[in-house]
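Submitted below is the structure of interest, expressed as structure tokens.
When the chains are written out, they are named A, B, C and D in that same order, and each has its own residue count from 1.
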Amino acid sequence: MTDQSLSKTPAIAEPRSTSMLSMLWRDKLAFCSAVVLLLIVLCALLGPALLGDLATSQNLRGRNSPPFDLARGWAFFLGGDSLGRPMLARLIVAARSTMMVAAGAVVAALAVGALLGLVAGYMGKTTSQVIMRLADVIMSFPSLLIAVVVLYVLGPSIPNMILVLAITRIPIYLRTTRAEVLEVRERMFVQAAVVMGASHWRIIARHILPVVAPTLVTIATLDFAFVMLAESSLSFLGIGIQPPDITWGLMVSQGRPYLTTAWWLALWPGVCIVITTLALNLLSNWMRIALDPAQRWRLEARSTKDE
Amino acid sequence: MILKHVLIGALLASSAVAPAMAQADTDITVVLSEELDLVEPCMATRSNIGRVVLQNISETLTELDVRGDKGLMPRLADSWEDKGDGTWQFKLRDGVKFSDGTTFDAADVKHSFDRVFSDQLTCESKRYFADTALTFTVVDDLTVDVKAEPAQPVLPLLMSLVTIVPSETPMEFVRDPIGTGPYVMSEWTAGQQIVLDRREDYWGTQPAVTKATYLFRSEPAVRAGMVAAGEADIAPQITAEVADNKATDFSYLNSETVYLRIDSQDAPTSDIRVRQALNAAIDREAFIGTVLPEGTELAVAMVPPTTLGWNPDLSPPAYDPELAKKLLAEAQADGVDVSLPIEVVARTENFPNVTEVSEALVQMFNEVGFKATLRMVEVAEHEQYYSKPYPESEGTRLVLAQHDNSRGDPVFSMFFKYSSQGTQSGVNDPKVDELIAKASAATGDERAALWSDVFKYVHDDIVADVLLFHMVGLSRVSERLDFTPTIATNQQLQLAEIGFK
Amino acid sequence: MNNALLEVRNLSVDFHTARGTVHAVKNVSWSVNRGETLAILGESGSGKSVSASAVMNILDMPPAHIVSGEIFYDGQDLLKVSYETHRALNGKKIAMIFQDPLSHLNPVYTVGWQIVEMMTAHGRPADMARARALELIKRVGIPDPEAALHKYPHQFSGGQRQRLMIAMALMLKPDILIADEPTTALDVTIQADVLALLKELQAETGMGLVLITHDLGVVAEIADRVVVMSKGEIVEAGTPRDVYHNAQHPYTRQLIGAAPGKGEIKLLDSAEPVLLETKKLCKTYGEFTALKDVSLVLHRGQCLAVVGESGSGKSTLARSILRLEKADSGEALWKGKDLLAMNARDLLGMRREIQMVFQDPTQSLNPRMSVYQLISEGWDIHKLMPDKAARQTRVAELLAQVGLAPEHAARYPHQFSGGQRQRIAIARALALEPELIICDEAVSALDVSIQAQVIALLDDLRKRLGISFLFIAHDLGVVRDFADTVIVMKAGEIVERGPTRQIFEAPQHAYTQRLLAANLDPDPEIQAQRRLAGATP
Amino acid sequence: MTKLIGQRVIASLLSLLGLMILVFFLSRLTGDPAVLFLPIDATEEMKSQFRTLHGLDLPLFEQFGRYVWDLAHLDFGESLRKARPAIDIVLEAYAWTLPLAGITMGLVVVAAVILGSLAAFNVGGFFDRLVSIVSLIGASAPDFWIAIVAIVLFSINLGWLPTSGVGTPWHWILPVSVLFIRPFGLIVQVVRGSMLSALSAAYVKTARAKGVKNLPLIFVHTLRNAMLPVITVIGDQAAALLNGAVIVETIFGFPGIGKLMIDSILQRDFNVVLAAIMVTAIAIFIMNVLIDLAYGLLDPRIRH
């Protein structure tokens, strides 16, 4: 069936001038996702500085004001919360901590997990076994207990919450990385590098990591949502982020008593989480293709019907 | 998913399977907020155990009428008298049988107290006799002398806190409580339910409820919903947000008092003007009907108004931010560093909307110029800040706490909260110590007057703390029941008081 | 032509890809009759399988799209019948077998289940199917048919799997069998057996056989008629003999010309000093002996070929020399120094002097590196040529040397064809100016015409740069054209060694003789003579 | 195979030991159970009596030594709060969690496999997109939010289902449905991806050439091959459920291990926490072995 590979590209391919940006533009869904995420990042960067005061200005007698009413100004377009603070402003301000917690936990878990996974996959059996047993221990260690230990010993703060969530997510990256490394290190091009005399470090950094990275990035984007939800659950159980810190997860959890009377308190932050997750997923699908030279042509091509 | 739910729902509806439980008309179901760890009579002062055990399974010698003005009433004791020299004699009710068939007598009383003081098990009620040594003398089967050292003027009242168990009860926590009460526990499935059945050989009037099933759900919306859906009849402790039905939802003062404990040993709160400023900074009225339910009362004392010696002349500090700012400025002028940080420490899940209350308090403090921050902690950590020894801090911490005294006498509160030796006290004032000691030892009207003085002194003269609210409890009661929850519902839930319409 | 059993008429199929439309086949017509064997010959990308896939309705649509044409079987146009009608014909009237039986057999079901399913899927009772399956498994020569029914595909050898595929295809006694490269992945001796089996079965059942192949030898051996395809079109048609000797189309002529094993045999010049010498290399994997006392000598400028069938240990030999595997015992002397015991510094030096070209360039080139990065990586590793401009110049030179253009440096491997990729791999090997290049089946994945070009390139490098080669291959034709000394391996042992001419013209060992006999000659007449010669003894 | 399982048992015992040590000491960092068991105005004497009774006044290493000694006799100690053997409490909770996790995972697997396979077969089509979007949104909505909304909607407003509890089969519908959402969202994606690549495998072509019908083609020929990566994810998700569905159990008053775990952690009931974690770890280990067996069952290449 050697000649079935008709999708094999002709030798003369179009020059690689297409920039990432225009590739992004070709995939409309991914483009929208990128815009949404950019907006969220902007909110996270600028929100607290611009709207910090507005988001904390309470009005006990004007609490739970319903959404879609512009009488009290744009900030109340999505309604007011249980202390009369504008939901919209709070959502924008909360973007920072939410992103810090989620990104911090994911990046920390990714870095530690990938590093340990690379070592476990590349090194000998003993090292690998020790690391894998460690991962087992972490995996069976309930995150609730980690949360309580960290929060009791170190106090409830955003960095500590990042620590808690990062610890619980490490095994995912560790196991994935190890499994991939075990497979990739047997690939021909790694052996070709060995034959050329490449050092271990070079093989890991130049040959194995780039192949493993897309998988890790994909997991990380999915994990982003998981971490946001986990943080929310911990808040629900009373061992998560606590006011005056504010995250979307905490807002959902705080809106819980008002589900029947003031649905918007829990809905909007929930919608924010869902939108972020969707955007990240779509973008990561795009990124997997865009970062892979063998697949990039799908985005460089004129037609986008197969997006 | 939605589609799936609808399909299942439609299926259910069409096959007309109503999930309502089959039960007799006089059986009721109570849904509590947390599961019982134990059903041990000597732990009945813990409120969730008390709601099941107290006066339903196990009874006490005396009983306090916290609603009305009947004061202390006989229960298993017919009468009592002060024999002087710290000794009280109790005459016991005749013809009372435990649910295992044995007869109630003085030896049971003695054994019940032995259990409380035993070092083999850790009974809660022991704390009420902290510095009092009790000696029990069985005079005859139905008479017992109790000698307290030092003399304990409220000993008959304390008797309302200790449940009586048969003398065969072992010196360990039991799982099958035997009592003299109108009900007997017939089933306890851990994690699911506890069932009480009415006894036919109860000494008193037969109650209307024949069987009570207790369920446990931590989510207030679920508890309220269960009553609405007919799955339960009584749901104590629901929140204002879910209490949306005037016909079934009752609110009542629940004997809990919310306050901010000030540590007067710390700067800047060692200065009385700073403490006054804290009080003046709070718009207490704004909380009521918003984050706290309608009916919440402003507190002027650590105990609810039904308590002996409660001082009606005291009035809550007015909301006056200007005054607060002025007081702060004066203090600053005298060299008090009012810019020191103030951390408000509050406990998650302490009471409904505790987070909102705390956030609002901090905001109010900051509006008059304090440098306040909020720290929400879970129960174990809160305890560290609440009880002595207090951890060091830069500036000071204000601990938001809720105190419950439904016992009718301030003695259960004042020492702990205001004496220099009190475990949760932020006060170190010899005069307070002296006033409390005097009041604790006094009896009758003198006792009431002395307690009034203590209340006035700590509230007006030294401004010991920031008293906030007497809290309101909300319970949902099915319309088929003739039952009105009251202040007593917080500690117990006497099935005998429940009737049917 | 009207009474042909199966007839494809003016078939055109397009593939719609994101890069635009590819005309996979254009106006293709062929037919096959009962008892006849039609070969469709073509290289990769020629579209030789497309029409067969269209017959079976197993083209992926999209991206494929049938533009025009008709496929007549039994009076009906298969392109117009309903899906269900077509499905009912598949397997029952027209069956198909494929190149790689391991991946074409479902790995998680027993062979028996899969063979029986051929009948149950068409509504036959299971017990009848089982009896027929047993009969056929026996017929195709699988030992212990009863046990074979309960085994899984991976428990058979490659040749046995193809026999099982054939048994499966014949379950319902189809009128036509389409065989798509049925012997390509098999060793030569097994290839011969399978082709013989197909012929026998055809004689028994009288079915029409459509054989798709890239191998002129296979055509010469089995076909009654042949159509040659190039770039989606039929460029030549006729009997194998006509086509071989009187090719009209330039493409056909080029294809025939490129067939290996026709050039002049080289002579050994052993005056040069010894570069590499192995002494009694041994390697076992558990029970399996991969290498047993392998000793060889390679002189500077020499090309030493190691031939053998799969599992003979020839790749393990290369990997052991390069320390990709750890040999159990023995020595490998590189310029007199045992490279199996080298320290890290010497090893790094050795890694510069010996380079390797792997079988499959798709896998041996990191897909995430550009050609420039791939070629210059060796310089990074060995800290050579720090000057960036010099590097760019050198990369351009190397690309030119292997027949690519300098602007290719910025591209990625997937943008090249298989032959081009292997050139990149060779350029990468050359970048470090090695003294020895080990080629592990370096040309076996390539089409014949490209194979010829690559061999020519290697030969040129050897002449110009004096590079030595350790050339591992299973294709005797290529070895004959390129090597000057040959080692024949079987089951981890060297069974015969000697100059190329001696091995090819006067093989001593029976195994070598068998190998040579099984090797199909592209010339139908020679092949016919051999067949006769083979049939007599 | 037995040798392999033996190795796994030893490795798991090591992990279990590490886990026990870690949990034992870390949990004791989180404060004094005495202050939580006793009321706030309990005297210091009562607190120290409580500690003495439960051996909490001993040096930490002696406590650990005693614990290990008891454990060697299969005694997991007593619950500090419930005055019962910790292991009894944990096993009782497990009796609820196991069926909950089992039923949920069973439904998830069946639904995800069917819908994911059909989506893969219909790749790019309307059904495919619908499945993707719905699963993604379902998987990223906070579960306590869904749980409470479901109770309000189906039990209180519509009155179709009981709000909570465990009495009848009807009681299980809501908790199972809420628990269903997230693993379903994840697994359906994995099934789809795995089926996509399996459907392009060569043996599918063979099956089509044999004239196999579409349904057996998808569910007999392809699915079994596509299940291998799916099984791994199923294992991870099942492990998460075995750890207890804390939120769902809390809201629905379901007496499972998750609720027990959070309660005992918050109340510092150390022995119950330890017993719960170890029993969970053992359950997860058993499940992993089962998953390995499932691999072998699905794929003969692993078996041989």
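In this section, contacts are C-beta pairs under 8 Å (C-beta built on N, C-alpha and C of every residue); 3 or more make two chains touch, one makes a residue touch a chain.
This is a predicted model, so every value here is computed, not measured.
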Quiz prompt | Chain labels contacting chain A and also chain D | solution = B, C
Self-check item: Chain of greatest Cα-centre distance to chain B
Solution: C
Practice problem: Quick one: report the Å distance separating chain A from chain B, using the average Cα coordinate of each chain. | Solution: 45
Self-check item: Computed distance of Cα centres, chain D from chain B, in Å
Solution: 38
Self-check item: Rounded Å distance between chain B and chain C, as computed from the means of their C-alpha atoms
Solution: 86
Quiz item: Taking each residue of chain B in turn, which ones touch at least two of the other chains?
Solution: 221, 378, 380-381
Quiz item: Which residues belonging to chain C are in contact with no fewer than two other chains?
Solution: 98, 100
Quiz item: What are the residues of chain D that contact at least two other chains?
Solution: 30-31, 148, 152, 202, 250, 266
Quiz item: Among the chains present, which pairs are found to touch?
Solution: A-B, A-C, A-D, B-D, C-D
Quiz item: In their shared complex, at which residues does chain D touch chain C?
Solution: 200-203, 205-213, 216, 221, 224-225, 298-301, 304
Quiz prompt | Residue ranges of chain A in contact with chain B within the complex | solution = 56, 58, 60-61, 63, 82-83, 148, 151-152, 155-156, 238-239, 242-244, 254, 257-261
Practice problem: Could you pull out which chain C residues touch chain D in their complex? | Solution: 56-58, 60, 87-92, 95-96, 98, 100, 103-110, 117-118, 121-122, 152, 154-155, 165, 168
Quiz item: In the complex of these two chains, what residues of chain C are touching chain A?
Solution: 15, 17-20, 22, 24, 42-50, 53, 63, 98-100, 180-181, 184, 214, 322, 324, 347-348, 351-352, 354-356, 358, 360, 363-370, 377-378, 380-382, 410-417, 420, 425, 428, 432
Quiz item: In the complex of these two chains, what residues of chain B are touching chain D?
Solution: 1, 4-5, 8-9, 12-13, 17-19, 21, 35, 37-38, 40, 45-46, 119-122, 124, 126-127, 130, 172-173, 175, 190-192, 215-219, 221-222, 225-226, 228-229, 231, 378-381, 383-384, 386-387, 412, 416, 423-424
